[in-house]
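Next come the structures, one after another.
Look for chain A in each of the two complexes below; its partner is chain B in the first and chain C in the second.
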Partner chain A sequence: MPSKRKKRLSMTETVQSYAMISVGVIGLFIFVVLPLLWVLRYCLFSYKGFGEIRFVGFDNFVRVFQRSPKFWLSVRTTFVFAVGKLCVELPLALVLACMLAKKLKGRTFFRSLFFMPSMLSVAVIGVIFSYMFSSYNGVVNEIIKLINGVGGIKFFSKASTALMVLMIASVWQNFGFNMLFFMTGLQSIPEDLYEAARIDGATERQQFFKITIPMLGPVIQMVVLNALLGSLKVTDLVLVLTDGNPLGQTETIMTYVYKQFFTGSSGAPDYGYASALVVVSAVILGIVTVIYLTSTKKGSEIY
Partner chain B sequence: MKRKKWNILVYLFLGIIAVFTLIPLLYTLSASFKTNPEIAAGGAHLIPKEFTLDNYKQVWSVGQEGHTFWTFTKNSIFVSLLTVVGTVIVTSMSAYCFQRRHFPGKKLLYNIFLATMFIGAGAITMFPLMQITSSLQLNNLIGVVLVQVFSTSAANLFLTMGYMKTISVELDQAALIDGCSYFGIFWRIILPLCKPILATVSLMSFQGSWNNYLLPNIMTSMKPAMQTLVVAIVKLKSSGGAGATQYNLMMAGTMFAVLPILTIYIFMNQYFVEGVTAGAVKG
Partner chain C sequence: MMKKLLCGLLTVTMLGACLWGCGSKGEEPAKDAGTTQEQGGGAETATGTEPAEAAGDAEVVTYYCAIGAYLETMKAEVDNWNQTVGKEKNIYIQLTSDIDNYGTNLTAMMQSGNYPDLYDYAYDYTDFSANGWNYDLSTIDELSDLIARFEPYLVDGVNYHDGRLVGLPLEVIPVKFAVNLDLFEKNNLELPKTWDDVVECAKVITENGDGVDYGYGFTWQWSGGIRRLAMKSCYSSTGVSWWDNGNAKYDFTPFKKSIEAHQEMYENGYMFPDPSELSIDGIRSKFAEGHVGMITAYGYDIGVYNDQFPAQCNWTIIDCPTYEEGEAPYKGVYLNRSNVGITIGVTEEHLPAVVEVFKFLHSEELYSKLYSVGAIIPHESSIMESTEMAKEVKNWEEMSDLTNYAPLNLYPDNLLTVEGDNYNTVFQAVIMGAAEFDDVVGDLNDRYNAAYQQLKDSGDLNLEAYEKPYTALQK
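Moving on to the complex of A and B:
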């Protein structure tokens, strides 16, 4: 008798749970899973949006690997962008976090201020920085003029300077966000460790490299992965700030692939080819993640 | 003595970074009060020589393509508020099922949730997404809301589940004995008790939705009346292509998008900080 009662109860539980979870599941299926399936289906076909949908096997992938120099240029640009800006952003975030993790007057103020840019829209940041760095009379040009007399740099007409502006804008937006994570990590390090080290006569420098950094290992690992993937996926900033110009030299993976669906490389877009690009890009991001996680395994285990 | 010197250096460094953080925002604010000729003439001065409110008036009343920024602001508010409501309902309900209830296939569903939320490819699946939504007649603001609600980050789910764990299961059992249904437990007990964490989730999803660019841009292309603020501002940038770019209008428009979110941030910054860090550090 009790077992029967239990079974009936769990039956109602199951029914009600399914009813509640179904909203999320159906939505997830339509708006997240279906687009992925769409891509997986079309990557083996050739389809220009009209006419016949032709099965071409792996031809699209062959084209991606053998006849898509612009895509691989965008891959290269993306990695240059990501590595370049992270080399500035993460050390800056860590240094600020170390300063602000201690008792310091105005600590909350600085923390809130540095985190503020992360609250803004990436696209709007693009607009702001396009004003700051505009050619001839932009604010940055005027400031340069004040310092050395000559301004007039056309930041957006050379690939190197355009990429630099992208990096600066991205660092400006994200350093506070990463700083916040480092701060949380720092605050979770027990104070006794430092106390013990001080009693043993360790200098501040030794404390930093022998206690702070190793104890922060897992947090650093997570922050770097987050920041790396975020940078490799940069989209809105590029679309608004440079739109891939000059000559597609600042196109990133996301913007290049995204545009392939709309304009294509030679006139009409080929959805099959674009889908293959999506698959390859996703695989690239996946490989980066796996390589990163396996190669940093040791660092995160020290904790 | 050494301590003091060190402190001065620390404050100097913090000060430099503070200036770096503020400069773009201050110049944006300043340009929104300058006339276009003054901006075009250049100069690195922050205080406008000729202080004007015309930019705001023009953006607010004339706007572009026959639609004013009042329309765009309304669209942004509409989309963001509905996204918040939807996200709170879907996140809390899913979190409740995964955290509290037992049903066959729970583990599988949970893993599917996590996997898809992490895979979420963003811009590169935007086109397929558009194909799907337009075949459902959803290439409008409602579509933007639905996509934002259902592709919500795994962080929200984790955050809510983590909080629910701290609510005593005995409450559920007591309610069950008193004849409450499973949905009733969620609605009458869990949901009210989760208010603090749902406040954080609301703020995060409001901010995400208010700031979103690519999705509303795609879903409302060819429908200028449906543009959100961010989309309209970026349009201002590209429409100024011929001749002088209208930076004055762009910057005034930017202030419309930036000020609400900054005001919320200033008053609620603790919630944001909590939301951002708590969701991720645990993972």
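Moving on to the complex of A and C:
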């Protein structure tokens, strides 16, 4: 009898469990799987939002790989942007996290201050940096003028300087958020390790590289992956700050895809081509993720 | 037991909410489109009337528009109508304005079946007709008088698409030049007549401007900025556009002079810095502050410099410059802008209310009111003649003078799938010195002609209207 009851209970639990996860599964199916299938289907068709939907086979992919220099330029720009900004953003976040993890006066204030940019909307950040780096009365140009006597640098007219402004804006927006992750990781490192190291005569520098960094391995892996994927998918900041200018040289993968989806290159949307771009972009991001996770596997398993 | 019950209840609620949220009210498309704010598509909304709740039990007619410069006037007129005629007829207009990415957002709404009742009909929405998203107005008997009133101004390809009447005229938008007279006086300059004059004046103003004043205002941070600011201002010289309607061919060669004049001004720093960072409103505000000597101006810029960014300088409106002095029998072009279209989301039961609002939006009273505040220039000269200006609108008369102006031709740019850079980007490269006009124009012509041929071969659209010879400027 008890076994029957147990079986009935377990059955009820199973039904309940399936019922509970069904909500998520339905959501996943409607909002993730269906759009994915839709995109995959459109890859093989040509459609401008009107007229007939025509089957074109793999022509959209051929166009992506053979006739889309602007897309590959956007891929290159995206990687330059991601690597460039992460080289500054992550060390900065880590250093600040280490400093604020110590019992310093006013650390709560600084923690809030550094986190604040992460709370601002991208549109606001775009406008702030647009004014700051403006060639006419921009704060940065005024400072350069005070130092050099010559201002009026057109930051947004050259690909290199426009990309630099984008990186600075993105670092400013995100370093506080990553700093919080690092701080959480730092709090989980046992104090005994540092104490033992100090007794053994380890310097601050040695403690940082031999204890802090290895112990933060899994956190660093997660933060870098998040930041890397976030940077590779950057869209809104570029649209607000440069809109891909000059000459599409600050166009990133996602802004390029977005524009092809809605206006194409001439004004008519190009759903088939844009869908193929989405698939190729997803594969690129997937490859980056796999390479990164494989290469950092050892680092995350040290402790 | 209680736990299990709660668990089950929660699951059912979540499932129900999920399914309900994903469902649609297909049987009530008009009501479903009630508040555009809720329809997504990134619409930045500026509601012109009270929230929909203010409608009470009145029948709501949604009007999704792209009105910017004269939104306040329109809001006041709509509110007034809601309080008077609307109350009498138990109809309420819910007006939502979205000036950023209007076309993209509207298309997304139409594609997802979230139809507003009324929308601003631009002449290049040929694809809307092809998709059957709008009513053929000529099939609505109640509108026959109104259509008869506008008959002389109806144009195939603008108001008619494939034989269907999809929009009635609202206004003409001349393309002219705004000039800062203070800067011209300060530098002892005469108003420019040719593009060479423009370059020369821009040079003098900039050189004497001490890094504060610049000769020419320009931006490519405006979608189609080069087309709007550097190409449509040249028709008096070219006599044709980049789309040759009679021969159904693209040819950008006639715009060489203008593009190269812009290249010279960019290279030498005579343009307000920097076309890469300022939006059109950014550069307009600098003109209004008095730091820009000249800028291409459209009819609606009168509202911009009088109300949106009231000009701090003494300014005027002149005809666009020509390539050579004294060459142009016609002074330029004006755009034909249509008023609202009715979407197919409107049901038969809802149509009478929508028609009432449609009539109000096309009424002579409203057109007269909008003209009196410098908002629109109606096609009907009788309205202009009988209207007393409500306030002093600086340079309204200069902008409204259409003597020797011709309507802009139709061009199929927005219907094409062009591989590679569009002409705005290609000419941006020329202006920035990254390419030579002669080196790129051949390839540009070829790619656009190939794209047009592809569209024609597909048979997706009736392109007859685009292939009617355009002779307005050659008479």
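As a convention for this text, the second predicted complex is superposed on the first by the 267 of 303 C-alpha atoms of A that agree within 3 Å, B and C clash if a C-alpha of one lies under 4 Å from a C-alpha of the other, contacts with A are read in each partner's own complex, and residues count from 1 in each chain.
FYI, a residue touches a chain if its C-beta (ideal position, glycine included) is under 8 Å from a C-beta of that chain, and two chains touch if they have at least 3 such contacts.
Because the structure is a prediction, the values reported are computed rather than measured.
When the two complexes are overlaid on their common chain A, residue A:156 makes contact with chain C while staying clear of chain B. In the superposed pair of complexes, A:274 makes contact with chain B only, with no contact to chain C. Applying the stated contact rule after C-alpha superposition, one finds that A:81 touches neither chain B nor chain C. By the touch criterion defined above, A:23 reaches both chain B and chain C. In the superposed pair of complexes, A:262 makes contact with chain B and with chain C alike.
Contacts of A:12 after superposition: both chain B and chain C are touched. Of the two partner chains, chain B is the only one that A:235 touches; chain C does not reach it.
Judged by the touch definition given at the top, the superposed model places A:254 against chain B, while chain C stays out of reach. When the shared chain is aligned, chain B and chain C each come close enough to touch A:130. Ranked by how many residues of chain A each touches, chain B and chain C are led by B.
In the superposition on chain A, the residues of chain A contacting both chain B and chain C are 12, 16, 19-20, 23, 27, 30, 130, 134, 136, 262. Chain A makes touch with chain C in their complex at residues 12, 16, 19-20, 22-23, 26-27, 30, 46, 48-52, 54, 63, 67, 70, 130, 133-136, 152, 154-157, 162, 242-243, 245-248, 262-270, 273.
Listed in rising order, the residues of chain A touching chain B in the complex are 10, 12-14, 16-21, 23-25, 27-28, 30-36, 38-39, 92, 95-96, 99-100, 104, 106, 110-132, 134, 136-139, 141-143, 145-146, 172, 176-177, 180-181, 184-185, 219, 222, 226, 233, 235-236, 239-240, 253-255, 257-258, 261-262, 271, 274-275, 277-278, 281-282.
Chain contact summary for the complex, chain C toward chain A: residues 4, 7-8, 11, 14-15, 18-19, 22, 104, 107-108, 111, 124, 126-127, 130-131, 211, 220-221, 223, 272-277, 286, 413-422, 425, 428-429, 432, 434, 451, 458-461.
Considering their complex, residues 10, 13-14, 17-18, 20-25, 27-28, 31, 39-44, 89-90, 93-94, 96-98, 101-104, 106, 109, 112-113, 116-117, 119-129, 131-133, 136, 146-147, 149-151, 181-183, 186, 207, 210-214, 230, 233-234, 236-237, 245, 247, 250-251, 254, 257-258, 261-262, 265-266, 269, 272-273, 276-277, 280-281, 283 of chain B touch chain A.
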